[in-house]
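Report on the following structure.
Residue numbering begins at 1 within each chain, and the chains themselves are lettered A, B, C, D and E in the order written.
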Amino acid sequence: ACSTNSAQSDDKEAAAEGNSTGGTLNVVRLSDATSLDPHFITDIPSANINYQKVYEGLVKPDKDFVLQPSLAKEWKVIDDTTWEFKLNEGITFHDGAPFDAEAVKATFERLLDPATASPQREKFSMIKEVKVIDPTTVQFLLEYPYAPLLSILASQEGGIISPKALAEDPEALKEKPVGTGPFVFESWKSGQEISLTRNEDYWGEKPNIDRVVFKVVPEDATRLAMIETGEAHINDQVPVTEIERIEASETMDLTRAEGLAVEFLGFNTQKAPLDDVRVRKAISHAIERESIISGVYNNVGTLANSAMSPKVFGYSENTKPAEYDLNEAKKLLKEAGAENLKISLLTSDRKERINMAEVIQSQLKGIGVEVEIQVVEYGTFIEMTNSGEHQMYISGWGNATGDGDYNQYNLFHTASHGPAGNSFYYSNSEADKMIEAAREETDENKRLEIYEEVAQIELDEAVYVPIRNYEHIAAHNKNVSGYWLNAANYLMLDGVEIAE
Amino acid sequence: MKTLEEKKILLEVSNLKQYFSVKKDSIFQPKAYVKAVDGISFVVNEGETLSIVGESGCGKSTTGRAILRLDDPTDGKVLYAGKNIVELSKKEMRELRGDLQVIFQDPFASLNPRQTIKQILGEAMTIQKSVPKPKQRDRMIELLNLVGLPGEALDRYPHEFSGGQRQRIGIARALAVDPKLIICDEAVSALDVSIQAQILNLLKKLQKQFKLTFLFISHDLSVVRYISDRVMVMYLGKIVEISDKKDLFDAPLHPYTKALLSSIPVPNPSVKNERILLKGDVPSPINPPSGCRFHTRCPFATDRCKTDEPELRELRENHFVSCHYAEELFSPEPLLPATTK
Amino acid sequence: MLMFILRRLVQTVPVIFGVTIVVFTIMQLVPGDPAVLLAGEGATKETIESLRVQLGLNQPLYVQYMEYVSNIFRGDFGTSLKNNQPVLDEILLRLPITLELAIFSTIITIVLGMAAGIISAVKPYSITDTVVMVIALLGISLPSFWFGLMLMYGFSVKLQIFPVAGWDSLAHIVLPAFTLGAGGAAIVARMTRSSMLEVIRQDYIRTARAKGVKERVIVYKHALRNALIPVITVVGLQFGALLGGTVLVESIFAINGLGRMIVDSIRMRDLPMVQGGVLVASLVFVAVNLLVDILYRFFNKRIELN
Amino acid sequence: MAEQNETILEVKDLKTYFYTKRGVSKAVDGIDFSLKKGETLGIVGESGCGKSITSLSILRLIPTPPGKIEGGEVLFKGRDLVSLPNSEMRKIRGNEISMIFQEPMTSLNPVIPVGEQIAEAIRLHQKMNKKEARAKAVDMLKLVGIPSPEKRAKQEPFQLSGGMRQRVMIAMALSCNPEVLIADEPTTALDVTIQAQILELIKDLQAKLGMGVIMITHDLGVVAETCNTVAVMYAGNIVEHAPTQNLFDEPKHPYTRGLLASLPKINEDKEELYTIEGSVPSSYSMPQGCRFASRCPFAEAVCQQKQPELLEQPDGSKVRCWMYSDHWTGAKPQEEVFS
Amino acid sequence: MAIELNKEKPLIVTQTLDHPKQSVFGSFFSVFLENKAAVVGGLIILFYIFIAVFAPVLAPYHPHDINLDNKLMPPSTEHWMGTDDKGRDILSRILYGSRLSMGVGFAAVIFGAFFGITLGLIAGYYGKWIDSVIMRCMDVLLAFPGILLALAIVSALGPSLINVTIAVGAFSVPLFARIVRGSTLEVKQLEYIDAIRSLGAKDGTIIFKHILPNIMSPIIVQGTLRVATAILSAAGLSFLGLGAQPPSSEWGTMLSSGRDFLFSAPYIAIFPGLAIAFLVLGFNIFGDGLRDAFDPRMKK
């Protein structure tokens, strides 16, 4: 599906009236960035500042999440393990350093250097070497064939950093990013705001606005009130429940974009009673997913049919999760001899997730399963899932690269138990083999076939209950137009305009 | 009046000191003390009433409290029946407490407002095991009658009684454990004259009946004259004079005693006594004057008084005084006309 | 007086030590491992382990504590686990904002509270008194966060008199300061009133009347000065409640202050930041109490005699 | 008439009641007395008999509510203070009639320097500027015998001892040369040696300034020493009013007699004290007859039925007792009780 | 005329008791009942207790019953206070929530009072270094501004109603300790304590039988007022997401989730807000009334 900004066409007209360039764009957000060094960023609020604003990668996804040239003009796969990129010329970093193959090499060498201790290193571990062929040509030599390479290069971690800044003071990059993007970092008042100004020497199309300020406003209601009164322009973290209010408002509008992530109810498949596939299936049959989408999410997002969203490479329409069928569920429970079940449901403290947990709790009551909800803050959540202390849990998988491998390998492969992502502690040698095969397969159709098949296996074994394909929403005051949300929930400001 | 020949010492206090540390104004200041009682020695004979008089803050109550070991004294000995009370363990002291009892000034503060009279008396008996449980009730009624209260008072709370009646209950409580020595700390000061008379009579009667010994603390010299056998005058934590009552009132030897006696307004307009007005106020016990502590207010003070501390000397039989010039100032004539016409 | 100030300063030292111990102990009770959080989703065991070493989390507790305290004395409150900034810098960035908010709120507390209290006390049991005291009772009974949201809804969104959030102009200060100060004002009002009524009963007021002093002079000269002495202490204590209240109010009004920093850091389990934030907030409170004590003594010299 | 007899203050049938939740407390219930210039009138009586309320009523300082002056007149130089407007009353307070209270510890404003507290009274009633008033305040402190008065004037009450504070109170009361000084137990809280100083001071100043003094006390000794005439109060009434000498020599009311008999005396040894049995009736429910009847050893039927009037006696004293009226049967011989 | 005692008169005349017999509580209640505000406060509290006890009978729906088709319904005859974002009946949730909110308030205060009273009694009675040590520790706890201490404790122990209770309770320990210590010091110097000591009573007896009952009034007053504060603090912690866990209908939690709908469905936040405010108000006026009733100066 095409994910255009629903409000965009109207806004374009407004912009066409001509009174539109310049100005400071105020973006309000839930939380502050933690770091601005792409190699250390692990959270969206931080990444959002850099992505396609301060830093750019060799390639970038477009609105349909198809990868397009960015700093790289073109590329080819020389063999299974060698990729070659031709770079654009005449580009300089914000600190004046020229962009060339050496810069690319420097960036990735730092990322891959164990001494850097980048939490993102693992993701790029298939890269054996980055080889400078000439100033505008660079080769990536891989350990093993890795089809989704482009997708990880397009992620925010793949941003190319100024080699000058890297050589001088890499520590400083945490607070002061230096890239090639359309915006230059200006200042960061911790906990309060981060501001960027327009890069007047930008190699591509320069942004319309002079400046963008990301302000931290933790309270949801306050953020929206600021949009409503025009104190701020864009709020990209909107509670789904406010949609009607935004749509009804005279001063606000809504932007929606399909996402890459999928939200699901996961089972710890090694913990009794969930180690019994019948119990898992019973629960899967007892959950009425549609009502969660409409009731909890206010129809933001679509019903998921696997752990991959339609935007992810590897998605198939054909995978089928368990039908809502209470009788079947009860029957399965009986078969399993599991009566008076008491199961805990772990979730992080995100509001929608808590709501969802409550709904699941109430739905499972229908088959006599008593659910105890455990709400913990995100850090504890991660720890608990990493250490396998949990029974059921609600989580989402970001699919940051938009490729099925990132999804399947991390979520379901035996090698990924625990922190790497497989908190189901699911282990199926057949599935493992298929995932490995898909990873090395270069024929896209074949990969798609493998993914469809393995995804159905996982659903049949009731490892999880897919709930929702993400949809990102943002509210903006009617005087802004031209921005969009990409599928990974980054705010894209290339066309943004502020009307007076 | 008692004859003093067959006196037997019940309590002996020697060199009793009680210092209270006071809050300092600065961490650099040396530790300061209120020398509330500063080395006093005296004896209390069995069956007698010894009174302690003196102005507010001179250490009367402190002396009483130290004897009862309500506060642990800084130094000195308190010998009761041959035992030094100060050195007794908590447990030994608890056992001895039946012998030493106390009656306080404030009839409103001296009874637990949440206990009935029965509980108050019962608790006293139980703690000291003076009366076995089944006999307690009878004994309580007996005690109440003894102090002039009806038995029906047992089930009431203290707030239902008048000040004088409460004082009677306090006395009954003290008697409940069959004490030998009762310390009366301002036991009648808070009462109106008519009630005061009742309580004073009661105390006298009980003393006779039970051969009690009283240590009677008061600042009211008229009351002291009425109730005591011997009187001890204190000034700023020291004994200035101690003697038989008659001797003291008729022929005081210390200038302070004289001034004190002459300051009492006499309820008889025809008596015009010659008054010795003292200058100024009582000095602070934190930094008491050097030498004789009274020298700052004494009309007869000399340079010697500023430096030398006078000893307590026996100038007449059983009449001790601590003044360098007691002999010279001593006048055979009583300062006060002894009686009304 | 100087001696008194010195002595109070010295007395403060063990309290501060106690505070560091409590803060440290509480933070040790936090379940889980900050390194795991810091490493983020999908980090390897080695990454986490190296982070632990880097953060000194593998040391025994008392070593960590000693380290912690000695660092504090050197002005080193550690670095944020979240963004690797020195905690002290982060705090110093926010402290002035919170102090500003607290001071404005305190002014509201004092002015509003005392005025209301005096109005009430001058005519006790009158209609004015009843109305003022009912409002004051409501003031201490309403949850402040709720009150703040209501104010924002009314005055910013609907009436658009004040800006919704932020901390740029005087207009931004009004609503949060009022939200924060209202509860305190209510308490001060009640305290002022009861203190006034208490003082009016005193013997020296009767003495003033017996001199022929006018009622108005009695209220403002003889009674008020005495009545305000206990109120000073209440204002001091209120300051503590106020500092605590910033946690909520700063979140609602998006003020980048210490309170919000603490809440955010708790959420992120950024231990050094929480430790530092709570410690500094307590130090500020201790300092305010010290000031109040000195003021109190200044106004009430009798205190030393009791 | 006031000028001729030099009577400056006359209290007629003064009644002050307190309206409380427990009922009406008739604290002062029909009091009559008068005060001449230069005279000292003592008012004695047991705690709660209405002494303080009487004195506060004169200056209209009763806490209202619950207190209220229910009737009677307080004639000061011919003017009835009870019905005077507040502003007029303020002019009299502290100026023509002053008062000293019992508690020197609490009767001075703790946060105002004592000199200023005296100066305030002066400035209220005399046309003086701040500086003059302050100078006068220092003079007054000197007059009451406070050493280094300039220094003391700048001090706050907590820096002074009890005796000194009472002197300050006296200085304040006398600063405008009042014609009447009401001293409500001015020495009760003080030690005897200090009490002697203060009483001496009041006597001296009275002789010097010639004012009328009402000395309220429960100490018959103080009365004997300082007063010309004495009013004995019992349960809201005056039961006996007599020249001091007469009262002590020949007390008439059984209560007065009992009181004197029950007093231990400094210059006298006694084996046992006389006691007045029973207790004061509650001020909320006064008996209809004589209020002392229930405790009176001589009470007859008439005493229970009707309250006696204050009867003038040949020696100039007045007594509220049926014994001195024609209704008396004399059934119980009194000599057996007291002598 | 010299006055001599009549020798025939009995020395001791038995006194008559002229006050009618009355209990301590009788007089207290009469004073209390005259304080209209306090009675109103008491009635409010009783009303809430009634609600808490009979919630299952009174509530029209089950508080946890989710009905997503019915969500965000404004107040109507079917749902008097409307429904929340999951279609749960707000009235029912508030009724059930009274158990939790009041429970937290009472439990926290009992917890804080227990430790505070114990420490305060020990410090006040034994004095000297014990007093210093205990009170310095209390000073340390008091040095934490407002709910920061509670916040820190909850963040350490994890969010749950029980932990909130502990945290809020811990926060009031020093307050009780101070009050109890002060009152203990006051009562300790009363003469009846010396009297019982000189009878040889043990420390335990003195503390628990003679001191504690006589300092109950400030404790009860403080306790009542603290319940109010505890309910508010707990709600504040819930607001920050550190309190009761879903689907709990604790009012603070309800209010916290309701704040997202403050503009679109304000009744979700308004009703629990009012429920809290009203209950807290009840405790506040009740506490005030108690204070007046206990205060001897108020007894006219």
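In the analysis below, contacts are C-beta pairs under 8 Å (C-beta built on N, C-alpha and C of every residue); 3 or more make two chains touch, one makes a residue touch a chain.
Molecules present, by chain and UniProt name: B = Dipeptide ABC transporter ATP-binding protein; C = Nickel import system permease protein NikB; D = ABC transporter ATP-binding protein; E = ABC transporter permease.
Keep in mind it's a predicted model, so treat the numbers as computed, not measured.
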Joint neighbours of subunit C and subunit B, given as chain labels: D, E
Partner chains shared by subunit A and subunit E (ABC transporter permease) (touch criterion as defined above): C
Between C-D and C-E, the pair with more C-beta contacts: C-E
Most distant chain from subunit A by Cα centroid: D
Chain centre separation in whole Å, for subunit D relative to subunit A (CA means): 92
Between subunit C and subunit A, distance of the C-alpha-averaged centres to the nearest whole Å: 40
Rounded Å distance, subunit D centre to subunit E (ABC transporter permease) centre (Cα mean): 48
Distance from the mean Cα position of subunit B to that of subunit A, given in whole angstrom: 89
For subunit A, residues that touch 2 or more chains besides their own: 219, 221, 225, 377, 380
Per-residue multi-chain contacts in subunit C, two or more chains: 31, 149, 153, 157, 201, 251, 263, 267
Numbers and ranges of subunit D residues touching at least 2 other chains: 249, 260, 272-275, 277, 279
Footprint of subunit D on subunit B - complex, ascending: 55-56, 162, 164, 192-194, 196-198, 200-201, 204, 219, 221-223, 225-227, 246, 249, 259-271, 275, 277-278, 281-282, 336-340
Complex interface listing, subunit C residues touching subunit D: 201-204, 206-214, 221-222, 225-226, 229, 299-302, 305
In the complex, subunit C residues that touch subunit E (ABC transporter permease): 14-16, 18-19, 21-23, 26-31, 137-138, 140-146, 149, 153, 157, 201, 239-245, 247-248, 251, 262-263, 266-267, 274, 278, 281-282, 284-286, 289
List of subunit D residues in touch with subunit B within their complex: 46-47, 161-164, 191-197, 199-200, 218-225, 244-245, 248-249, 258-260, 262-270, 272-277, 279
Subunit E (ABC transporter permease)-facing residues of subunit A, complex: 219-221, 224-225, 239, 241-242, 244-245, 291, 294-296, 349, 351, 354-355, 357-359, 361-362, 373-377, 380
